[in-house]
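Accompanying notes for the structure given below.
Read from first to last, the chains carry the letters A, B and C; within each, the first residue is number 1.
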Amino acid sequence: MWIQKQITLQAKQRGFHLVNHEIIQNIAEIKQLKMGLLHLFIQHTSASLAINENADPDVRHDMEAYFNQAIPENEPYFMHLLEGSDDMPAHIKAVVLGCELTIPVSNGQLNMGIWQGIYLCEHRNHAGCRTIIATLNGE
Amino acid sequence: MWIQKQITLQAKQRGFHLVNHEIIQNIAEIKQLKMGLLHLFIQHTSASLAINENADPDVRHDMEAYFNQAIPENEPYFMHLLEGSDDMPAHIKAVVLGCELTIPVSNGQLNMGIWQGIYLCEHRNHAGCRTIIATLNGE
Amino acid sequence: MWIQKQITLQAKQRGFHLVNHEIIQNIAEIKQLKMGLLHLFIQHTSASLAINENADPDVRHDMEAYFNQAIPENEPYFMHLLEGSDDMPAHIKAVVLGCELTIPVSNGQLNMGIWQGIYLCEHRNHAGCRTIIATLNGE
């Protein structure tokens, strides 16, 4: 069985956001799969998808703080400046964190660990909605 | 053909570890696949999976040393402190390195390069066993 | 439907290179898929695959500059030195950026965002050809 859907995530502030529910409510068909995989692909170059701690929001705060100092704005060697000082760091964060995830599906549910959640990592100061292509495959 | 298994990797020291054999001995069914993909997903937020050099152990030493200085403990802006000074850096390393891998399967075997091996990247000082969900799909 | 191919990417200079066309011209079968996934796997430990901005070449320049300073050569704690000063940083860049990508396929085409392209990230000074295993699965 193959199912493919375009999901629109509402615009979010710069930072790391838990989006499990926003994604799962758009792929109710997952309940039909006994075994398979869910692939999520964000169609943008300045936002990322990642999986990490779903409980303490301080983890998401600290990630935003860490990546802002590890991948700073206004590096003297940056040439790609036209779209604002937050743009080139956003592209770099996007390749470090990645634009896609594959998650196992078992008995109609995502088979993640109990502490794992799906993050939308928004790297721009004033981003709009973000589009995800979700592909379900299984039996 | 779909096969899904839960694999328990024995507890390991903080650092980068080759785990090809520990994984493959748990998925003997791979021999039945002429062509397909193996997906590996670690159900934890402070350990990672990666693929790199399978020969010189110095590569794994240098990776541990690099990531410890690039993602240090006790950053003054860290707020997530309750689980120990090694915990927040472990979460950051986990999103940088990633929690999942997809590897091509050809003629019953993983079709990696001759120098490639699968790493368990253990980011905690005193971790227990780690659980992997392995999903095989192919024909 | 499963299709698997070995693709040889011509040798490239150290840096970030757009390789969409070089890859797609080797998998014409993608046109037969209404819905599915393309998996790309690079069989090397010192080069990476990533997805980012396909328009302004300054983005690729700035990425090369950023990763060279974030993952420098000749760190005093590096022990893996025999293959040249560019080798150990190449291994680290390879695990940060990753060796594999999965991309949705819709109506016979890659379903990426309009600004997204596939990068070969070449981390060695004098690399040869690079081998990719492409696996197409869908209906």
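Quick note on the criterion: a residue touches a chain if its C-beta (ideal position, glycine included) is under 8 Å from a C-beta of that chain, and two chains touch if they have at least 3 such contacts.
These numbers come from a predicted model, not from an experiment.
Q: Determine the shape of the graph in which chains are vertices and touching pairs are edges (line, ring, star, complete, other).
A: Per interface graph, the chains form a complete graph.
Q: Same residues or different residues: which describes how chain B and chain C meet, taking over half shared numbers as same?
A: Under half of the interface numbering overlaps between copies: different.
Q: If you average the CA atoms of chain B and of chain C, how far apart do the two points sit, in angstrom?
A: Centre separation, chain B to chain C: 20 Å.
Q: In chain C, what residues contact two or more other chains?
A: 70, 96, 98, 102, 137
Q: In their complex, what parts of chain A are in touch with chain B?
A: 35-37, 50-53, 56, 58-59, 61-63, 65-66, 69-70, 96-98, 101-104, 106, 111-116, 119, 137-139
Q: Quick check on the complex: what are the chain A residues that touch chain C?
A: 2, 4, 39, 41-45, 70-71, 75, 77-80, 82, 88, 91-92, 94-96, 98-100, 102, 131, 133, 135, 137
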